[in-house]
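Shared between the two complexes below is chain A, which has chain B as its partner in the first and chain C in the second.
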Partner chain A sequence: MIEARPEGAPGTVGERLYRWLDARFGVSKVVEFARHKEVPVGGHSMVWYYLGGTTLFFFAVQVVSGVLLLMYYQPGEATSYESIRYITTKVPFGWLIRSVHCWSAHLMILSLVVHMFSTMILKAYRKPRELTWVTGFVLFAIALGFGFSGYLLPWNELAFFATAVGTDSVKSVPIIGQWLLEVMRGGPDVTINTLYRFFALHIVILPLVMLGIVSAHLLFIQVQGMAPGMAHQRPDRPGLKFFPDFLLRDLLLWLVCLILLAVLVYLLPYGPGIPGMEWELGKKANPLAPAYPGIKPEWYFLWVYQLLKEFPPHLAGMEGPQAALLVVTVLMGIWALVPWLDRRASKGKPSPRFTDLAIAAIIFMAYLTLKAWDIGGNAQPGKLPDPRSTAWVCAWITLGIASVIALVRLLAYRQRWMYFSGAALLQVVLNGVFGVDYLLAGAVAVVVAVAGVVMTSRKDPAVQLGVPK
Partner chain B sequence: MTAPVAQSVKPPRRSLLNWFLGAAIVGWAASVLYPVLRYLRPLGEAGAGGPLKLSGDELATLGKSHFVIARSGTRKVLVFEAGGDLRALDAKCTHEGCTVQFVPGDSLVWCACHNGKFDIDGRVLSGPPPRPLAKWVATREGNDVVLTMEKA
Partner chain C sequence: MNGLWPLLLLLGSTPPAPAPAADDGKLPASLEALFEEKGKDGKPILGDGERAYLKKLPLHTRELIGKDVEALAVGGASHLKALLALELPSQGAAIVFSDNCILCHTDPESQKKIHLFSADPKATGSAEHLNLKSFVSDVHFRRGLSCSGCHGGSPEKDVMTPDINARWPKPEVRHVDRTWIPEFCARCHGDPSFMRGFNPSLPTDQLSKYRESQHGILLLKEKDSKAAQCVSCHGVHGIRGPKSRQSLVHPQAIPETCGRCHADPKYMAGYKRDDGTPLPTDQLEAFKKSVHGKALLEKGDLGAPACNDCHGNHAAMPPKVSSVSQVCRTCHSQNGTFFDGSKHKQAFEANRWPECEKCHGKHGIAKATDDLISDAHDGLCGSCHAEHAKDNPECNATARYFRSSLGELVTTTERLRPQAENLAERGLDAEPILASLEEAGEAIVQTRSRVHTFDRGGFDQGAKVGREAVSKTEALLEAARKEQRYRRNGLLVSIGLMAFLAVVMGLKIRDLSRRRERTSKDPGNR
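Now for the complex of A and B:
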């Protein structure tokens, strides 16, 4: 117990420094806190506790590689594209730094999305961790903002149209839409002024906001500890010491992430070549060129992109895109408010409906994403993919994935409440297999989901489903 | 001063002061925010929508690929040749603002972003665009092509 000794007592340099700091800042209180910090064990697999850490790791890589890119990058009509080309072709290891930045961005979003879905399925958002969920949701939104704003900076063709479409959608916002559009673009259209604004957003504004909210997110976790498993699934097991047991595992995983990153960067410096996951520089942006065939946004925006395609020109007195974005906003709002909507989980009771909601969200987005990739559309040069056969193939793939998930849930976890995921799958099958209009199929699915909720709450108010007896 | 009198007078005076303080804070915040918000919205660009003459390069592109996109102020105009006629439409898709192109083989105007299709008069044929493309008038004057906005 070194902290028990007085400040002037003899000891090694390290001990004396520690006592010097302790006398001034009370470091021993922090050490005492760290000594007792534990990670809950036994509720569910430990894997899910590491994903916030890996997201943070990739964010750190983004900061470092981003700062390095900034040493050569010059925003400007005649310099943005040229400086990125210079970085990737002339600067020693410039290709490496840019590729690390791109790969790590995708891996960060991937890690974040898996972290978010695991939090959702394990109900880690439940009382008292509502604000940890909300800050996490805001971080998710900021991460998407990072992806979107960073996309424009190379000033190539893809960047130009992705930004044109993405910013155009804000005009749907009631009242302030046009103002917001012009503020984002620095004018009525996407020009180099837009790039200046996105540059400021990407390297100053978003990092500052991100840092603040990450701090709050981490502070909440320190104060409350990591969420243990739900009462009905938690056997009494001693927790895992954070220092050093969990931290060392964390660091080891980060090392694995770094190696993975290095391997990917080395083997595929320009990405895997899947639409929405490639970063060949391509042609310089030309505001007077038409959008080229096969243009797609990043993979995590594909479901919104496809939804924009599925909506008709007009719906319920709104223009199609406005209605589509309203649907996305409502879905996102529900997602953000889940800790308050899920009353059963906040009382510590099993809430199979919200487990199923997460699965339904996965099915919903998977089908749209597969469609956006035109899988099964038989696209040939000069010939557009056929939307009918795309829908057919994608529906069967989604059906396969969803069946496997449902079987695992049923057999391994004895979950039975599947009205939401069933409804989501119904929409997929109606649209893809039977060719029913996407929105009509969606309306049928909503009716089925609501009916499921009403039926099960009347039959069994305790909703005992999904609980192994 | 007796205690009951002080109690009956103090709360209204305090709430009035609080109200003044609140109003002052709101006023102060507005006076800080307004210039910032106004600063963020850029000035409008001048010179939009006037008659436009295609340049030599643009005419060459038009001859080669049957269409060209020209800029008139802040607007982009798609000029194309369909059935021997020279036509012009707004080049900005009414769906999500991508730039459209003319497909000579199918004689239609197409947006690659979300597969919106228009006929050569700008009417929506299929896909998600909610409105037709605005028409421009393209006229040949000698060797030149001049574009003017069609009066609504």
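Now for the complex of A and C:
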């Protein structure tokens, strides 16, 4: 601890430098703030506090590896694919940088998704942290934008057709759909103009927006501190010092992440080979070639992709994709507004409905993602997978996962309000096991969920919500 | 000038010429009347489908049909329905409805079965060559040549004139003696100035070639009417160009077309080869199993030879010993050139052996594999050499050398390919390695061809390129493996350093935690 002495007083070089800076920028106030900064302990597991940090770490890796790639990457019809090939084959450690960039992108999204769900389940979004949640939600959307725009940049066959399919869904936006499509593509079709746009978006526009919102997100956390456990979870220990105790743990985890990244990059340089998680360069894009068979988006878009497939061509006076995107928009809207919808949590009261809503979201997205992967479809070369057997196998897998989650909730946390997750699971079972139409099963599930909410609202919430007495 | 005003006014007030009346698709009254006609079941014979088709036809064609109905050339609703069922384009419909030959010979009310053309010959009991559908898709019909083109007569007249079939021998002769057919077809097909008007690229020398062919000699000189003539291969009343898959002379149809006679032992009984032995009939079966037959018939490779590619079309003849190798050389020219410069050439000529056929066979040519090269006494080389070359040890050693060299090249490239693919999966640049393997593969093809030099020096010119490509591939693979080791070692060192740092940090964290615990238990030490 450096004593508060006048600027010209004797001391070591470090002490004098500190005093020099303090006289000009008031550094000691920041140091004082950091010294008293604590992370709450005891409300729940500490693990969840580190996920934001790991996401930030992977983002930093993205920035560094992205800048290195930029030194050789040349956007253009005759150069995009060629420069990526040059990077991976000729540039020293170019293969490493590209693979790190791809792996880190997926791990960042994975970490972000887990971070978001943990925030949801632990109700860390509650008053006064509503804006932290909203900025986090926007960061999630930007991360998806990064993934989508970066995908096209190698200008290979897979990227070209996946972008063509992905951007095509924008057409479903009412009134301005076609205009929006042309703005995105830089014309009616995916051409090199689309790549120029995506390039600008990927390396300038999104990073700038990301930087601003990440700054706001971090600032809110610094000002408000990390969310403590809910009142009923009774934190039983004093907080953990952020400097250096928590920061050291954070750095240690980052180091572990870096080791993990290195191992993955060496063992699986082109990804694990799962659809939506592979980045072998393959052939150069050829707009005149027939569409690439079995095009699938990145894994985090798969649930939307599958939902689009589940909708009929026309529904309730709307086109099928339009209706599907409307459902996605409504769900996303609910997700973004959760801090205001969850009034119990904002008052510090237990809010099991929203815990269950998060679990329902996991079940809903897991089933669709598994289906999009055609698990259990017995796909043969030149033959399409059987959708019925895919649905059957995916439903049983989802049922298994959901049962484990429900048991853990019931036995370890004594949670009993499971109408949302039960309804989501009912849809899975009806569709996958009994072959009921996906939308019809969804409608049944919505009725069950609403009935659950209505029934439990009439009785004593404290009893119904499984709150420990 | 002023005097012109009244004239100009007059011109200005002249009513415009009446526009031609728009075609409203109305049917002539005689045609409309047929729509009233009912069948045995009491329902109208013609329906909406026929009406819609007729409405799409040009006005003059509808009027033409109306006149045919009035003149009773179209005998009734059933007759019209049968003709409309052909769904001809308007040009085809115009030909049919202006040709009294077709109109009469398609009317089931007026024709016997042996003269009745029908869209469904089985249903009406007509012969297959009277298939109306085939007839209207005939290459001659589609160019406007109808019945009278061959049969004679006047299709515009409503009675049969005596000049019909006058060009042909009498029925009792022409059905037995077929020698008139080639000359008859050549009336048009042998006339360049006439054929130029239809298809300038079509040859007109078929008859002269045919006269020189075995078929032509048999038919025209020996008056053997069993010998194939134009109709035997091209058919009648449904002739299509050779590019049509339905044509009897499409490349993939030719083996069966030739086989209709040549694979029929009864039909071919009595026909002999030059040496007096009976002409075999197993060619078709052998061809189907051959490398050429499989390529043509199973893989659909139209570049593979059918019967006519070796024997000729209109000048079909079995190739003589002296020419059989030239036939093979039309495709396998490089092998032929190597053979011409080999020691075998002289020996084969001295013994009057057909060159290629001696080792590879003819109709049942199997896919040539490296196993063919064998100095064993039951092997391809060994069996011949034991008999004719006194088991020359030098030749046997050469055969073994060819076989072992090729075997080594093939097994090495097969072993290297998965290694290259494995390295590619691990993120290494395998493109130069795969390109080098392609070079090796190409060299193997060339080396196999050079077997036909029957000489180590000639063979080695190809094998050397293959060995060099293999060496280059191995060197590239070794470089890639070295790079892979470098990456692995780099990773291990990095992980080691990071793990060490992680352990240090872990210890520091543990130390900090202990200090915090001591402080919390004894706040006085703070």
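Worth pointing out:
Rule of thumb we're sticking to: the second predicted complex is superposed on the first by the 462 of 469 C-alpha atoms of A that agree within 3 Å, B and C clash if a C-alpha of one lies under 4 Å from a C-alpha of the other, contacts with A are read in each partner's own complex, and residues count from 1 in each chain.
Simple rule for what comes next: contacts are C-beta pairs under 8 Å (C-beta built on N, C-alpha and C of every residue); 3 or more make two chains touch, one makes a residue touch a chain.
Model, not experiment: these values are computed from the prediction.
In the superposition on chain A, A:Leu252 contacts chain C only, with no contact to chain B. Once chain A of one complex is fitted onto chain A of the other, the partner contacts of A:Val183 are limited to chain B, with no touch recorded for chain C.
In the superposed model, A:Ala291 lies in contact with chain B only, and not with chain C. Once chain A of one complex is fitted onto chain A of the other, the partner contacts of A:Pro269 are limited to chain C, with no touch recorded for chain B.
Of the two partner chains placed by superposition, A:Leu17 touches none, neither chain B nor chain C. When chain A is checked against chain B and against chain C, the one touching more of its residues turns out to be B. Within the superposed three-chain model, A:Leu211 lies out of touch with both chain B and chain C [touch as defined at top].
Once chain A of one complex is fitted onto chain A of the other, the partner contacts of A:Pro238 are limited to chain C, with no touch recorded for chain B. With both structures placed on the common chain, the touch criterion links A:Gly320 to chain B but leaves chain C unconnected.
Once the two complexes are overlaid on chain A, none of the chain A residues touched by chain B in the first is touched by chain C in the second.
Within the complex formed with chain A, the residues of chain B that make contact are 40-42, 44-45, 69-71, 74, 76, 78, 91, 95-101, 111-115, 124, 127-131. Across the complex, chain B is touched by residues 161, 164-165, 167-169, 179, 182-183, 186-189, 193, 287-295, 305, 308-314, 319-321, 384, 387 of chain A. Residues 425-429, 431, 487-488, 491, 494-495, 498-499, 501-502, 505-506, 508-509, 512-513, 516, 520 of chain C touch chain A in their complex. Chain A makes touch with chain C in their complex at residues 88-90, 95-96, 99, 238, 241, 244-245, 248-249, 251-252, 255-256, 258-259, 262-263, 266, 269-270.
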